[in-house]
Amino acid sequence: MEEFLTDRLKTQEYFLNMGPQHPATHGVLMLLLKLDGEIIQNVELDLGYIHRSIEKMCERDTYKQIIHLTDRLDYLSSHMNNEAVCLLVEDALNIEVADRIKVIRTMMSELSRISSHVLWWGVMGMDIGALTTFMYGFREREMINDIFEETCGARLTMNYNVIGGVRYDLHENFAKRVKDFITHFRKKLPEYDKLLSNNIIFQKRLEGIGYISKEDAVAYGLNGPTARGSGVSCDVRKIHPYSAYDRVEFEEILFPEGDSYARYRVRIREMWESLSILEQLVDKIPEGEHRVKTKAVIKLPEGDFLQRVESARGDFGVYVKSDGQKFPYRLKFRSPGFANLTALNKMAKGLKIADLVAILSTIDIVVPDIDR
Amino acid sequence: MSYFSDIINGTKSLLIGMRITGKYFFVNFLTRKDVITEQYPDNLETLNMFDRYRGEVTMYHNENNEHRCDACTLCEKACPNGSIEIISDKELNPETGKNVRYIVKHIYHLEMCTMCGLCIEACPQDAIQWGQNFHHVQYDRGKLTKVLNKPGSKIMIKTKEKK
Amino acid sequence: MILNIFTDIHNLLLGLMSAKAVHITELVLIGVAYLGIFAVLGLFLVWLERRVAGFFQLRLGPNRVGPSGLFQTIADALKLVSKELTGTVKADKQLYKIAPYFVITTALMAMALIPFSQEIQAFDINIGVFFLISVSSIGVLGIFLAGWSSNNKYSLIGGMRTGIQMISYELSVGMAVVTMVVLAGTLQISEIVELQKSGWFIFTGHIPAIIAFMIFMIAGTAESNRVPFDLVEAESELGAGFHTEYSGMRFAYYFLAEFVNMFIIASIAVVLFFGGWLSPFGITDAIPFAGLFWFTVKVIAVIFIFMWFRWTFPRFRIDQLLTLEWKYLLPINMVNIVLMALMVWLGLTF
């Protein structure tokens, strides 16, 4: 029978261009799929559709000007990206920032993380086919965006950090709005679980899909929630505490399963942790200056500098090689999404197209972060 | 038996999900209370942006059509995107007898601006500031290039109306 | 009871031409009327879906054109009519063009059997239910052909998925219907409805009828390609699935047919389980055309449940779809038929 089938029924592998315009690729990512029916034989990534050569642009910009470019990398964690550059320059120049600034930065980072995760949750549901989650996610995101807009002046590309502090002082409504948000979100987060996490179809779609072992996760350099879903401890906030992370208590969420559902749960739990960080800080924002005076022209001393922060997608790093000028000699961003995406082939091989979409969602990519 | 408990638990989880969406449906159907969207072009009048909202760079003019810009070009230099062009000229000040630089056109390319705010920070005179307008749609790209100093405006005498 | 208007028209036409010509004219008239119903129904349901979706998603939905945005879909239809009909170069042209008509023709044929009220049913044959099911499965061919002829891999995958899905779920729909036919003892739709005068089948058939209804709802959702069974379109995976390459009116045919199919499935459910055009407890039996009202209300209620599904659930994967059908629905269905037969035999139905 086998022979008969292979003789008479010739099957053929074929290629499918998924993207660059495709609803599931979250932007302009292109995947070249080699398929056998619906089963994925190979995934090849084709990047470069949104390459803006931001790293090169940074080499012609002063350190102050670089900050606003980092908004345009991973736009969902723009605050953390800003912070990374600022921390790097402050470290290099030994600028001591006040406690107030540190706390403000930490709170903004956590708000960004929640807003990014909330958006991810909505889109995740949409990729799996539950269209309503998108709007529910946006409801919460809108509240955070309002907080950002009131204090920072923008909703997405906030550009709030400056070298030596933050651009504006906290708005007087800030604490109240954050508290409102915390109470609101504490009520809504369980709804997320009821609507999606516990849904039998959703669980069956994710469980055991896109497995990557702890060893492989380390080998591929996965980071952030994606790696923590495989049980790799990699939270920069814990390993190299920066800003006010050394004075708050939070848990690094680890799930050892390594499948899509584990990665999903890591992010849901992280939202709870971020909420608790916010709660710990919101009543204890120290008084003081929001900004330290810095020189008009900032020149880094000669040498190499590296700063890592935990962005919403993982370990975001900035590396600067300086030759003592006011421009960096070479600047490199280590983007979390790029490393995570490399494991896609490993995760998706042998699964179906629908699974690929689910895996792509749980990796939580932002394409401008991958293609800089 | 896991076969039957699977069915029962699965159905239960689906019903719980339906209860949540159903709740929102009926609340919105009856009262529109949970509707979170803005009715955009309709509420243009009532839509107020926050004070700090960075919509566009504007130049402050007082009621006598005077601004504070003295054409120092610091904003032009601070801009990472080259969105600002300063065209200035010199003119003899009869009182002091010195040549004084004054601004002819402060050109602002909104289409290239990333709202980074560096120009506004750089300006020593606080001549430019954020405007809260977000309604920038135009059919012609050229219309996004604006001249910030109003026609016929003059520089205001210093010490007056310093922020 | 044929109402007066219909007899009036009939007599009027008889006065004008021969009996044979009258017959043909009437057929044409009915056909045109049904085309009208088809279009209006489709547009209305699209509007309803979008409005309902809006409320589910904390939005308002269409609310600009006309009262409550009621004319929005008409505006959309006008837009679609005015659009260019595009196609791929290497498409199988004949099949590509003919495919949408398969879908709407079969939907129209199925509509002929639907008893909008006691008076309004174009085609009442003694194998009604059977005919409905068989006709509605031909519509699948249209989707399949569209997927095949478009010369687009996304369409092809969508088309293949349809085949798999339909073969499986046709079975469940059929068997759920058969369960009810066992109770009714007839296939003729008007008779099935008449029989429910003493009580809707969902009550008289109690446990097996409720199980059959649940299975019918699940399988019916799959039949009409809606979430959680919308693998055929699966916009996050396949772009638009089988109709990726269709534009303008050809796309609109698919779109309308999808909604009309949903209406047909809902109507079957109403006829089989909720007494068709019968009013609850016969309260409005005396009023002419009240059946139309009750039928519409019931169908919209069932359609609302479909919409509720759609705006709550995530999508299945193709193998899970098959697991659900062959491992869960089918065995339960079989047991259920036997149960129903026993009930009827032992006279345990009310």
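Read from first to last, the chains carry the letters A, B and C; within each, the first residue is number 1.
Keep this in mind: contacts are C-beta pairs under 8 Å (C-beta built on N, C-alpha and C of every residue); 3 or more make two chains touch, one makes a residue touch a chain.
Keep in mind the model is a prediction, meaning the values are calculated, not measured.
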| item | value |
| --- | --- |
| Which of A-C and B-C has more C-beta pairs touching across its chains | A-C |
| Central chain (distance from its CA mean to the mean of all protein CA atoms) | A |
| Taking each chain's C-alpha mean as its centre, the one farthest from chain C | B |
| Cα-centroid distance, chain A relative to chain B, in whole angstrom | 26 |
| Between chain A and chain C, centroid-to-centroid distance (C-alpha), Å | 44 |
| Length of the line joining the C-alpha centres of chain B and chain C, rounded to whole Å | 51 |
| Shared-contact residues (touching 2 or more other chains) in chain C | 56, 58-59, 311-313 |
| Where chain A touches two or more other chains, by residue | 132, 135, 139, 195-196, 199, 201 |
| Junction residues of chain B, two or more chains touched | 14, 17, 20-21, 36 |
| Complex interface listing, chain B residues touching chain A | 9-10, 13-14, 16-17, 19-21, 36, 49-50, 52-54, 78, 80, 114-118, 121, 130 |
| Chain C-touching residues of chain A, taken from the complex the two chains share | 14, 16, 22-24, 38, 125-132, 134-136, 139, 195-196, 199, 201-202, 204-205, 352-355, 357 |
| Of all residues in chain C, those that touch chain A in their complex | 53, 56-59, 153-154, 157, 227-228, 230-231, 234-239, 310-320 |
| Complex contact set, residues of chain B against chain C | 7, 14, 17-18, 20-22, 24-25, 28-29, 32, 34-37, 39 |
| Chain A residues within the chain B interface of the complex | 61, 64-65, 67-69, 71-72, 132, 135, 138-139, 142, 149-154, 157, 159, 162, 167-168, 171, 191, 194-196, 198-201 |
